[in-house]
């Protein structure tokens, strides 16, 4: 393992911000930036790996990992700045679950050998990880999962099926929750297992979504033999392993970044289509502008509180996921509704208005890419149940 | 910084004690639709606590605390649905007197021996203050609307048009030529006041008068936002308590998702409101202040209305406190700028401000 | 047999036919560019497309009588331009023009006819234009209102094929400089945009019913936390909201039909399309939330309906357009007319 030699956490917030901004300006490819055409642009596959390697070469990879494991060792507050600057520079989103989820899990609960083997390969993108949690009958009710792993000698034999596995078709490995034991409480008897997707017996089938992308997959396991060493944490204790990071996941999903991009486009559309004199539209826009403005302040307040306390996020971060996802719905719908007939076009559309300027965008893709945000990572109904019980103290 | 945090914690603690005692007393009873005079004894007690001159300089008998400290205090007042015109009779006039640098008057306000109120608004729903009342030969004539906390013996600070320029001056509310039409409000009363050649003592004029009013309104809006945020939080807390106790269909009301999810949404909105007024109090721009007032006005009225629904028939009775919450939400949610007006102001201000 | 029974019988026949013929596969085929022309032939042979024609020998069914027919088309997301053809043939018969074989497409954009007899103007999005034997629209020439018809074969050069939400054959057409195949003055009961708006509102109400039905069925069968998700109040209330929206769309659309039949159109079309467009937005939003992840996949049938809801919401003016129209009307009538208009 190569520890990180640069210590950017020692910089002042302003210096840190300045250095990162300069780095992004110099190295992030202009043609991959988010813009009005693709405000939620994402990178996957080789372009994503290339960019991650560039970050790695310049010591800007894995902001949350400790430096001894090759990460940047940033405080939570600097991580916030890091994300703000990426957003500011229009860097496309990358779903890099190896860095954001598996790495921190291994660092916290994995064995020294696991850290030694996997962490460097995550950083240099030799391994690309996807997450195998959901199953056809275990979505929001994740603890009902049934994919089984039976220990035979030094190997687990895995049988079952995962679904909604994001970008499995771009990945080399999958971290899974599998059932290894039967207990009265269904959260018990689940284990956290690492699986190489090249192992015989694994089939991956992409599912096309309404935006036309194959972002989700089904992953089938038919007598897949996995070394016992690939177990993370204790046998039957996988639920605790997986839960350790859920709070952070909700913080990053709750980021106002996407909503900000959608609002930028909305404001631009209002101008482009000459709607500034329509008081009804302007009032709707004012509501959305105020919602995003206020939400940004709430988001940083909660993030600051997490940073100050030095503890993992509590259940209150479910609020962020609920509000940010529903705001994104409202914004993408506003953009469609003010665009009249343009809103019925699928794919690229050029919007013309009173001015000579023309705006190219893809409203349909945005509308569709915003649909699942209220569903994945725990449907909003589930988040509201959690908040009702734990934060408000409403009794069942 | 840390010293200030400790001081604020103490201020909040002592407010909690005082307001809890008040709420348990008979004096806290309010009646619907009847203008309610300010209780002078209570006002003196508030003066003793230093609340009336909280932000005034020490030379004027004040505590010289920042606006953010006043907002903390007022947030606690909201939590205890304190039906007393603190913002109206203490904060707004004090801001104007401080701007005027008038030590004797400010000291009288801080000690509670003299009541003041600010008569600024020319027309309902308007920001105009220096047009309708005109000053001629040292006397003013014209109208002011929604004058709050005009009590017997109050001195009025009136915004007037002095030969086309702005001016603020002192008017004795007992003077001849004043006609008052009074209506009830949650914190006491609102008045429509007509002046017919009433003597006027000049305190501020020109840009200084405009600046003084602007800072008074900004302080009033911020504190109203903090009050509404505290009010909504307490109203939701009481509602949750009720839902946890009340059974229907052999279950606790709190166990129904349609009820609990609504409470969650209210909670999120209150968190938004609090996040915004706190930023506005510390370092916010003018746009953030408008956003704070818009958010708090919407949230408090929405939470209190929903609380009526969630309390069922009980919520519609005066025996239950929900009505008191709702009336205060209506008052501070619509006075000094309602949600729509404040949101429009936010929209135009944010365009003028340079983004980060 | 009364006329009403003819309409009911037809709706019933169409329901059975579409239930047998329309499936996720046939909808996918249409969207891949191989539509079911045989089904169209069959329906044309049934004579359904002519029932709204007026005149001595025509069935002359009215809007109220045909409301169910349109709703059946919506319920099945029928991969056919039958709604347009029903209305188009009625317009042709009202103007006394010959009715061609085959499907029709309708233009609701502002088009004018110049002194040289050439059309001027363009339409951004015409559903089914690539299939149509003729495209109909209203053109103004001075104070005159003319129904014009352009042969489908004549416009191909001026047409740009579009990908619409519905994924049905759709094109933008610039009519400028074309000479109509036929034209005649028409005294229709309402503008083509209003009539098309009512048609879309009826289709939306049919599709909303179907989507609510699918969502209820899914909520009753999908289990999480040991019980059907329909047992959770959070979902029950969303479904109740969706079915209220669907019912409101149906009522509003039928109200507009009654106005059209009484030849006293006032706000019916605006109310219908506004209400239906809002229903389209809300019902599809709720359905996708109820279905969760499976609903946003291409392989589940839900999107055949929700994409059409989004499309029809936009066609012939979305809710913003029609609320603007209604608002302008109310303002023009003045404050004295507000209360009477609300209580009439």
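Things to note:
Per-chain numbering from 1; labels A, B and C assigned in written order.
As a working rule, a residue touches a chain if its C-beta (ideal position, glycine included) is under 8 Å from a C-beta of that chain, and two chains touch if they have at least 3 such contacts.
These numbers were taken from a predicted model, which means no experiment stands behind them.
A summary of chain positions shows that the Cα centroid lying nearest the centre of all protein Cα atoms is that of chain A. Looking at B-C alongside A-C, one finds more C-beta pairs in contact between the chains of A-C.
Separating the CA-averaged centres of chain A and chain B is a span of 43 Å. Per-chain Cα centroids separate chain B from chain C by 53 Å. Averaged C-alpha coordinates give centres for chain A and chain C that are 40 Å from one another.
In chain A, the residues that touch at least two other chains are 381, 384. Multi-chain contact residues of chain B, defined as those touching 2 or more other chains: 257, 261.
Touching two or more other chains at once are residues 232, 234 of chain C.
Note for the complex: chain C touches chain B at residues 232-234, 236-237.
Looking at the complex, you find that chain A touches chain C at residues 134, 137-141, 144, 163-164, 207-210, 212, 216, 280-281, 329, 333, 336-338, 340-341, 343-347, 364, 367-368, 371-372, 374-376, 379-381, 384. Across the complex, chain B meets chain C through its residues 256-258, 261. For chain A in complex with chain B, the touching residues are 282-283, 285-287, 289-290, 293-295, 297-298, 301, 319, 322-323, 381, 384-385, 387-388, 391-396.
Across the complex, chain A is touched by residues 124-125, 162-167, 223-226, 232, 234-235, 281, 285, 288-289, 292-293, 296-299, 303, 307, 310-311, 314-315, 318-321, 323-324, 327 of chain C.
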